[in-house]
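Taking it in order: structure first as structure tokens, then the write-up.
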Amino acid sequence: MARRITTTRRITATAGGWLAGFIIFFPILWMVLTSFKTELDAFSTPPQFLFFHWTTENYGIVQHRSDYIHHAMNSIILALGSTALGLLIGIPAAWAMAFAPTKRTRSTLLWMLSTKMMPPVGVLVPIYLIYRDTGLLDTHGGLIFIEFMANLPIIVWMLYTYFKEIPKDILEAARMDGATIGKELLYVLTPMAIPGIASTVLLNIILAWNEAFWTLNLTTVNAAPLTVFIASYSSPEGLFWAKLSAASTLAIAPIMVLGWFSQKQLVRGLTFGAVK
Amino acid sequence: MGKIELVGVEKTFGSVNVIKDVDLTVEDGEFVVFVGPSGCGKSTLLRLIAGLEDVTRGIIRIDGLNVVDLPPAKRGLSMVFQSYALYPHMSVRSNIGFGLKMAGMPKAEIAQKVEAAAAVLNLTPYLDRRPGQLSGGQRQRVAIGRAIVREPKAFLFDEPLSNLDAALRVNMRLEIARLQNSLGTTAIYVTHDQIEAMTLADKIVVLNAGQIEQVGSPLELYEHPQNLFVAGFIGSPKMNFVTGAAAEKRGATTIGIRPEHVATSQTSGEWDGVVSVAEHVGSDTFLYVTVPEIGDITVRAVGELALKPGERVFLTPDSTHIHRFDRDGKVIVQ
Amino acid sequence: MGKIELVGVEKTFGSVNVIKDVDLTVEDGEFVVFVGPSGCGKSTLLRLIAGLEDVTRGIIRIDGLNVVDLPPAKRGLSMVFQSYALYPHMSVRSNIGFGLKMAGMPKAEIAQKVEAAAAVLNLTPYLDRRPGQLSGGQRQRVAIGRAIVREPKAFLFDEPLSNLDAALRVNMRLEIARLQNSLGTTAIYVTHDQIEAMTLADKIVVLNAGQIEQVGSPLELYEHPQNLFVAGFIGSPKMNFVTGAAAEKRGATTIGIRPEHVATSQTSGEWDGVVSVAEHVGSDTFLYVTVPEIGDITVRAVGELALKPGERVFLTPDSTHIHRFDRDGKVIVQ
Amino acid sequence: MATKQSTTLGRILSAPSIILLFLWMIVPLAMTIWFSLLRYNLLDPGQESFVGLLNYQYFLTDPAFFTALFNTLILVGSVLVITVVGGVLLALLMDQPILGRGIVRLMVIAPFFVMPTVSALVWKNLLMHPVSGLFAWIATLIGVQPIDWFTNVPLFSIILIVAWQWLPFATLILLTALQSMDEEQKEAAEMDGTPALSFFIYMTLPHLARAITVVILIETIFLLSVFAEIFVTTGGGPGLQTTNIAFLVYAQALLQYDVGGASAGGIVAVVLANIVAIFLVRLIGKNLDA
Amino acid sequence: ATKLTIATVNNGDMVRMQSLTDDFKAKNPDIDLEWVTLEENTLRQKVTTDIATKAGQFDVLTIGTYEVPIWAKKGWLVPLDNLGANYDVDDLLPPIRAGLSLDGKLYAAPFYGESSMVMYRKDLFDKAGLKMPEQPTWDFIADAAKKITDKDNGVYGICLRGKAGWGENMAFLTAMSNSFGARWFDEKWQPQFDQPEWKNTLNFYVNLMKEAGPPGAASNGFNENLALFNSGKCGMWIDATVAASFVTNPKDSKVADKVGFALAPNNGLGKNANWLWAWSLAVPAGSKKADAAEKFISWATSKDYLNLVASKEGWANVPPGTRASLYANPEYQKAAPFAKMTLDSINSADPDHPTVKPVPYTGVQFVAIPEFQGLGTAVGQQFSAALAGSSTVDAALAAAQATATREMTKAGYIK
């Protein structure tokens, strides 16, 4: 297929691609633009695209009003913590399923996924009561645990599909070399699966970062992440669009930057073994 | 020391019996090659010895000790895989030294042994590269380095050369032969390449459908195949088989004659046929001759023979090299 | 009809000149094989002819018509890929018929042509399977079926057999030869397998670093290589090259002598050496002999020769088969 | 590697996650089942009494239930269709020789990183608002009546927002699948003279089948519990037009604080989800194995 | 130091309070404050779950007039007996105080109070030759709305809430229905949506909005209408009195200098269509920090706090609607043109007798029973469907009646 690509084709494709990309990105762009407007400009018609009075006062207000850093730190702790825990438990499980499969492996995997089908609100009260009695409400540990549980099926599945791509010869070679299973996991499998693990990590960070039900309902102050931060800007009384836009921009900025920088990894991992 | 004995070894996957009651003794220092058609169980047998699979029944003894319940690492064997199975994230040095590290050998000693192995295999300049930065042949040498550095009781090779191109294959074959010779370590080698088997083996084991058809030195197998299967399997091009009158005349159900043992003539001979294809490969010419009532016969003739397809030719089998088989395919000993 | 002419064809990838000013004529019905070391541009040249790559410079004529600006489909050629490139989700039938369907042929006619092609290739029982359910050889046959059903002006093959095992390779080689013979269609075939090239080709094109080294029939190349490269490349085992005194004595910088043209003797001969390895492959024995001041010489001797490593042996090159080369590696014609 | 040892080890190593997930499933589930048999209002603590299947009876005979069920299926189905079709088209586009492809890809991925609440608010207020939204302005610009999104096509509006969030996911997976297509196969088709459309139908689509399966499976799991977008934009209305099962359960749990009713609803949702799951696995299971 | 965790809603006055706590800290160095600021619905969920399960995560709760009587009755709140000597409980506006008391005891201190009223565009009225009476009737409102509607120029006569929700459209419609003589339940808790009063209310509302309302009304809540009004799209808007300070703030509003105020309309039946709400601070029962909590509440709802805000941010930004003394303050009257109207609106609401006909419940724009949130939302969905035109008024009422009967039966009110 290395035939000459005609200029027309390149131009059409470029125009089409940019148009599509722009349309899809537009809501976010618009949000970011809005965050630099005054509340009055934010809903004025006709809409102001670029020639409005640019102001950073919304960011000032947001910063002044709530502790962005505190919430962002909590989001980071939550995302990293739940992912780390997920890897710790998920890697051995995925290893077992990929390299020592039994007849039930497939159904186990599907069962794991099916645990994600319960609407969280349906089990809120039981979980809340358990958390209350174990003192886990509004603790990092409690939140990390619940996000970990919510994402574990995805972690195991992703790692599983990724591990299956690793030639089992290599693990056998390690075994012939006298490695125990632990060492095999540590020295051979994990380093080889770094790209897959990286993408698993990424996806889970994104999922944990954006999860808004448990984070809102099980935290108050100490462990409250950015979803809570956002929730304090969608006020039912008062004008809030520009401020909300500013807060939202702040809330998604870290994950967006992370995602953009590592999109290659993300793309790989997201495929869930769909691509051979 | 490295004597390996298999007694009544069986292996079933699910309900399929893949290895059927195999008895085999590999003497210390011997180079044994398993050959057989694809799917006959060569790899499986090797992996049973390695401990990568559990035997279903039977005993495997290494130096007299039954190892069926030992994990691979405890059997003291090294394996070279078809895919090399190098650790892609480790340098050549770490690849070779990994087994020693796992055995808890001190670093200095590992370094020294790795250097020594690398020197033997001409890998010294590449010690700090990753496998991905090596050529196929170099990778294969790393895999071998990994095997020898542990000074195992025996080497196990599973088609180690099949991923190399023809020229490299010849070189590596020679290297493996030299190495095993100088180390004197027992080796079991799986291949489906005729030439490899013939040139490397002290002893060839011909497997078919999970059973041993014949065990013997390469020339024994070439000269005295005990049944049709081995006769057809060993030798290239394949032995010609003739049934019917020509065989009965010699008191057999089937007779076999190798292409190199058929004489051609343009004037007279036992069989009278027409050349269908003539392959000139420089040094030799292979003729595919259609003989009425006998069938297609392959003949290896001298290189410069100028026969063209469609020409008539007379063939005469060399009677001292005719193999006779009975109805069950067993050889008839005169 | 299917005459293909290349005039001054060049191809550059970025700044790398991969094909350098190639002129070549393939006559109608001819079977031409491209050989050469890996990376020399064989595939690229084939793909230029197919139209899968654009030429950087030069003209490609098919039946007199310059096709460099035509898309592949319009050139009337069929290609068989190394990986077979079958459509995995289609049945064998649809795979073979796909090109015809794309050409808008009526269904009934397609069905009939597919059946015919399948019959020729013994694929009839498998017509409704998917490629994934076929063995390697069967897949290869489907790929060939896909090529022949379109009745192209020429077949293009890019290492079509390299994914098959040795035994199958021999069979498929014969099948391709027969098929091309009976159809009489022009064929261009890329391989790096000696034997394939020698046995299939009417004409071999030896490529090296994007240039044609020599064009000729297999025997021409075997008997009269025009330079060191071709001499070393054609023939297996490789020709022995000797420089120094032994060459000067014959008025050349280098002389070449094929392993099959060296006579052995245990009593006397021109060169006096020691056997380092002796490979017995039944029909032949290959000796690797170390001769002081000359180097390692490979010798092909008769099968039953009982020489062991370490034994002394005398060698004499057959003087009628000595090739002489000058300082630039060009052959010296007497 | 199928030795007894490794199988045993495999069991041991997968045990923690299986046990944890099992507990995570069974403990709340058991409690939920128990609660679903009680008259239990969070605002009336200490008044719990056993009522048998009454909560189920109420939940299932709720006129809202079937509408919600229907809406859930429509929502999931439409978003799947939009994201798969859109994803395929976008992936095809992104596979073209676009100048600055990296940046375009970044723009296309971006919605995946946005929290559901944020995107719902942005869409509702900044874009879709029939008076001050951008779409309304565009409509007036070209002289048509602005669409009153959440009044006239509420469910479609929700579908649009959710689809926007999931489109990048589908596009990415499909794009990767597309790029993994065998080069020689493409060339074979080229030699066969396949026109672009036929190539798409006969080559591309079948090649993407497995990737599409994965998109469907993963998205379904997440889409069954879409909630934030509805809550923020329409509150399930007008009427019941945008009420799905998750929202219905929400209303029971966090508006009525009727733990009994919500638990019954939750159990019903789980049963429904599993029916969908079984159906899905049937439909695509073999595709996943290959 | 004692650490108080305060759950609060993110409305402007509360947010302002957070920034003024230095004053409190200066006076109470041994008390630390920690804020959980959330959007109203989320806050209500969290606070309710917390108090109902006795999880005890909060020391001070921000709750409304809806929750206070219900929770007080359950004993979930601490009566505020120790607000300090100079707190002056009697200064609280009587309707507000009544809404926050049970059996004469105050269970929550009002932080700010609100009612609803008509906000209108004086310029548009002038142009149409209309004059807004101080106490308009619904007929006048409907008539005026139609007259000033100019859809071609994007001006709509009236903006009213339409988004489904017990605190959204149902707050407005319940208050409106009161003025039409309707009620949610009769004395036996039988739903009354099958009665003509409700039919009149809803017909009037739907017709009015169809003729003179903005598009998309069915998903408009307070904020959407605020944005519409501020950008000059609405001729009238009937909504919470707190909106007054937003619409008259030139920084946020394009029409700041053109806004007039009037009491919520009536139908001559003796009840106005206005509501009564107060965001209030309360202490959950069982809090171990009740003393500190009360100290804080006392500070935040005191007269001094009002003065503090006035001195820092100006009188216009003082939290309204809680104290009579504020409305007597001439400075405040000057700074807040809407002050009198707010006070009158609040005073005309009677949470204990909200309707024309007798009812078994309290609450003006809500029914103070725990089931109301769910029920109100379900009914609200039906009514928003009628507004959107996807259902008829009759069908919506029938559905509302059925739902209400079901829920009330399930909850055990109807035997």
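Read from first to last, the chains carry the letters A, B, C, D and E; within each, the first residue is number 1.
We adopt the following convention: a residue touches a chain if its C-beta (ideal position, glycine included) is under 8 Å from a C-beta of that chain, and two chains touch if they have at least 3 such contacts.
Note that this is a predicted model, so its numbers are computed, not measured.
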Neighbouring chains shared between subunit B and subunit D, ordered by label: A, C
Where subunit A and subunit E overlap in contact partners, by chain label: D
Which two chains share the largest set of C-beta contact pairs: A-D
Chain whose mean Cα position lies farthest from subunit C: E
Farthest-lying chain, centroid of Cα atoms versus that of subunit B: E
Intercentroid distance (Cα basis), subunit D paired with subunit C, Å: 56
Centre distance in Å when subunit D and subunit E are each reduced to the mean of their C-alpha atoms: 36
Separation of subunit B from subunit C, taking each centre as the mean of its C-alpha atoms, in whole Å: 26
Subunit C-subunit E separation of Cα centroids, rounded to whole Å: 89
Multi-chain contact sites of subunit D, meaning residues that touch two or more partners: 1-2, 42, 125, 129, 131-132, 187, 190, 254
Sequence positions of subunit B contacting 2 or more other chains: 52, 71
Numbers and ranges of subunit A residues touching at least 2 other chains: 1, 43-45, 124-125, 129, 172, 175, 231, 234, 241
Complex contacts: residues of subunit C adjacent to subunit B: 38, 165-166, 170, 174, 177-178, 192-195, 198-199, 218-219, 222-223, 234-238, 258-260, 277, 279-283, 286, 288, 300, 303
Touch list for subunit A against partner subunit B, complex: 167, 169-170, 172-180, 183, 187-188, 191-192, 194
Subunit D contact footprint on subunit A (complex, rising order): 1, 5, 9-10, 13-14, 16-18, 20-22, 24-25, 27-28, 30-31, 34, 42-47, 89-90, 92-93, 95-97, 99-102, 106, 108, 110, 112-127, 129-130, 149, 152-153, 156, 168, 171-172, 175, 181, 206, 209-210, 212-213, 227, 230-231, 234, 241, 244-245, 248, 251-252, 255-256, 259-260, 263, 266-268, 270-276
Parts of subunit D lying in touch with subunit E, wherever the complex brings them together: 41-45, 54, 58, 62-64, 124-125, 129-132, 146, 148-152, 154, 231, 233-241, 243, 251-252, 254-258, 261
Sites on subunit D touched by subunit C in the complex: 182, 184-185, 187-195, 198, 202-203, 206-207, 209
